[in-house]
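Heads up, there are several structures right after this.
You will see two complexes here that share chain A, one where it goes with chain B and one where it goes with chain C.
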Partner chain A sequence: MLNNVEIAGKQQVAAEFAARFADKIELIENTDSEYMVQAEVLLPAAEYLLSAGYEFLADITAVDYLAEGKFRLIYQVGNYQNGDLITLKVEISREEPQVNSLCAVWKAANWLEREVYDMFGIEFAGHPDLRRILMWDGFEGWPLRKDFVHQPTKYQGRRRLD
Partner chain B sequence: MQNLNVNSERYTLNMGPQHPSTHGVLRIVADFDGETCVSADPQIGYLHRGMEKLLESRTYVQGMPYTDRLDYLAGVNNNLPYALAVEKLLGVEIPERASLLRMLSCEIMRLASYMVGIGIYIMDLGAVSAVFYPYQQREYALEVMSALCGARMTQGYIRFGGVQADWNEQCDAALQKLLDEFPPFLEMYHKLVDENEIFLHRTKGVGVVTAEQAKAYGLTGANLRASGVSYDLRRDAPYCLYDRFKFKVPVQQAGDCHARYVQRMEECEVIYQLIKDIYAALKETEGGEIMGKVPKVLRVPAGEAYAQTENPKGIMGCMVASDGKTNPLRVHFRRPSFDNIAIYSELMPGHKMADLVTIIASFDIVLGEIDA
Partner chain C sequence: MALKTNVRFPQRGGMPEGDPNNSHDLLTQEELEKRGILLTSLDKLFRWGTGWSLWPLQFGLACCAIEMICTTQSRFDMSRFGYEVFRNSPRQADVMIVAGTITEKMRPAVELLYHQMPEPKWVIAMGSCAISGGPFVDSYSVVAGADKVVPVDVYVPGCPPRPEALIDGMLQLKAKLLHPERQQVVRDVK
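Our next item is the complex of A and B:
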């Protein structure tokens, strides 16, 4: 299906991003393939990348910049044909951590987004099955947030199985 | 597919986390109609150690041993993406000999990891004797690592800027043993397993992953190449000095459990040849530096860096975010097994109970990596 699609290179992606999402997507200085993306154009940008042959969603993760009041989501998108890697960075506020889910674009996003939700409590709008993946159901808090309070004695003296 | 002549009842079967064929503590909650799986939900996290959180409170150097415990079957391969990501931020240059030593140790451990992958696969299908032959070869590979850095499994051999120890004479002898023993083993193993009728019946046409599915789910490594997608980072986006070496990337078209076995066996030959080539190149750099210029106390410049390598299980990635302190702001690992098993809930329905075991075994997963 995608064999007929012309393989887009990094330059073509840069040109296309500039043409379609003029001031919504910016190339980060001193890089050739890392972009700062506004949250509202994440989904169309991802759809374009898939149509351009970037079929490999390698990774989704987040970084908690507590002082700035922001989460930065980092998407790594690869290309099975030429080995390129495009990085999309999305900043969202810590008060309202929500962003569009990419499950409809890449199925790999399903578990990756669940992991980010589990660790940071970031909601992915449109995710079909958003629940904890590594921590157990009923765990309270978001462990990888910088303001997560570590309680070493919380589970001491309790029976593990009821 | 429903057989209306049989009175069957839907029931939920819980497989794992303590189950010998789940390679650790994977748990699969599956619904069955009679003997046929209708839905499967992999549950993970039983080996979650909070590694990414732990790394935030330790210095960069203290974090290195943790990476060994991700894919504990090939420790040194996990050191590499972490080291590469931090080195990207540091901007240090790696001496040629150090790069070659990194590649050589990674290839040796890749071979060792494939030996477990193949051996345990056949064992899960019932042939317990078939596990011991590959383990003997793995032992030879671990002997090389033991002579090289003093540790057999969780080596922590790679340092920021280079490697821990230089190649020595005991390594020569140990590697020679591996190189001598491996080809006869491979030939013998082909004879032992390839034509086995039970093996063929249980694997051919089972767990077929199409190229489209494999790409959509972000499969990597041998599992991806067994589905007809020729993608190997060592060739397509070379790191270290892989661009110097020419090697074949085998591909299978079938995408079933049998193809994944054939794929790993073919890749073993490539790895064997690569070990020989890298070893020859290493011999030419005798007396070279093995550590670049890295300060004693690492203060990594602020920024975010992502590095990826081709590990035995697939593509391992490491994202390091720094704010200029001695400990990282955030470290994240893209663990290949984690992404590989996400496909199970789509792949397993329609298969018989026994095929689930085959599917899990054929993917060659390791739970230390899935749960991080």
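Our next item is the complex of A and C:
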């Protein structure tokens, strides 16, 4: 159950989004705080959220919709004052996977964006240090893309006992 | 204190008195041991000592490490067997317990740790990840078993193995040390 403070926070964000980014940000159906955000207003929306007390960037991740030819980025932002949690979703094309970096807004975005870059190959424009974070240097490909085909190294692969 | 034994050694100038068939200088080692005389080689003595005080290297790679930690705690208490001296430095350790998944990124570190350990050294592969890559073998980042990287002496199956299984693995390693002639199992994996 949400308490009144959280609900007030959500309503304030909803009102502000409606006022400032009228047709660029819309609430996803059947949710109370998940927004589909157009890529070009991601940065101003993030700046507004920070100024409204949403200081805690909990996670950035992505989903590969291979059939539809797009990636969906998911940002989760928390507010320590009223305990509210808000989700932003951004869809970008698979051919040109690029989106603005949020490092300037939340410092936590640095490593989270590097992880998304490492796994999906999504470029974050304006990121200060965009390189792989989990995979080793020299690894090729983007492992969490649905069309990724793994080439085992000489230390990998199932072994045969026959 | 003088060693009390029934064995009479051959006197100078001929056989001792008593049963002429009992030629004492032809007793086998087992027969001597039954009579309270221990014959051994220094090598064997060293191996016996080492087998009772193996010093594992203190490092863990994944969930199996938690089970390895439990093994040393009071409920299972690996120190009953003399194996509780986990060393933080590979220079002081002689057993590497590979407890968990080796990823491709971690592989050079595991290899380096193994080479930093002084001889003689042994490796225990704990859990299915260390044996063959475990549930993650098809993943893009996981090495298919510790024996792709370092030579393994004892495999402890399980996911994770129970602490008793790890203790059994250590005891198997001790048996291997005490009886090198029993190292029969040859595993040729492609």
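By definition in this document, the second predicted complex is superposed on the first by the 143 of 162 C-alpha atoms of A that agree within 3 Å, B and C clash if a C-alpha of one lies under 4 Å from a C-alpha of the other, contacts with A are read in each partner's own complex, and residues count from 1 in each chain.
One rule holds in what follows: a residue touches a chain if its C-beta (ideal position, glycine included) is under 8 Å from a C-beta of that chain, and two chains touch if they have at least 3 such contacts.
These numbers come from a predicted model, not from an experiment.
Student: Once chain A of both complexes is superposed, is A:Val41 in touch with chain B (first), chain C (second), both, or neither?
Tutor: neither
Student: With both complexes superposed on chain A, which partner does A:Leu27 reach: first (chain B), second (chain C), both or neither?
Tutor: neither
Student: By the touch definition at the top of the document, which applies to A:Gly157: first (chain B), second (chain C), both, or neither?
Tutor: Second partner only, chain C.
Student: Applying the document's definition of touch, where does A:Ile74 land relative to chain B and chain C: first, second, both, or neither?
Tutor: In the superposed model, A:Ile74 contacts chain B only, not chain C.
Student: Return the chain, chain B or chain C, that is in touch with more residues of chain A.
Tutor: Partner with more touched residues of chain A: B.
Student: Counting only touches as set out at the top, which of chain B and chain C does A:Ala14 meet: first, second, both, neither?
Tutor: A:Ala14 contacts neither chain B nor chain C.
Student: Answer with first, second, both or neither: which of chain B and chain C does A:Met135 touch in the superposed model?
Tutor: After superposition on chain A, A:Met135 lies in contact with both partners, chain B and chain C.
Student: Taking the superposition as given, does A:Lys107 touch the first partner, chain B, the second, chain C, both, or neither?
Tutor: The first partner, chain B, only.
Student: Scan A:Thr61 for contacts with chain B and chain C and give back first, second, both or neither.
Tutor: first
Student: Do chain B and chain C touch any of the same residues on chain A, and if so, which?
Tutor: Touching chain B in the first complex and chain C in the second, residues 134-136, 143 of chain A appear in both lists.
Student: In the complex formed with chain B, which residues of chain A make contact?
Tutor: 1, 55-59, 61, 63-64, 72, 74, 76, 80, 82-85, 87, 89, 106-108, 110-112, 115, 119, 132-136, 143-144
Student: For the complex, give me every residue of chain C touching chain A.
Tutor: 104-105, 107, 132-133, 137-145, 148-149, 189-190
Student: Would you mind writing out the residues of chain B in touch with chain A in their complex?
Tutor: Going through chain B, the ones touching chain A are 44-45, 48, 50, 52-53, 212, 215-218, 229, 231, 233, 236-237, 304, 306, 308, 315, 317, 319, 321, 329-330, 332, 334, 338-339, 342, 346, 371-372.
Student: Show which residues of chain A lie in contact with chain C when the two form their complex.
Tutor: Chain A residues touching chain C: 134-136, 139, 141, 143, 148, 150, 153-161.
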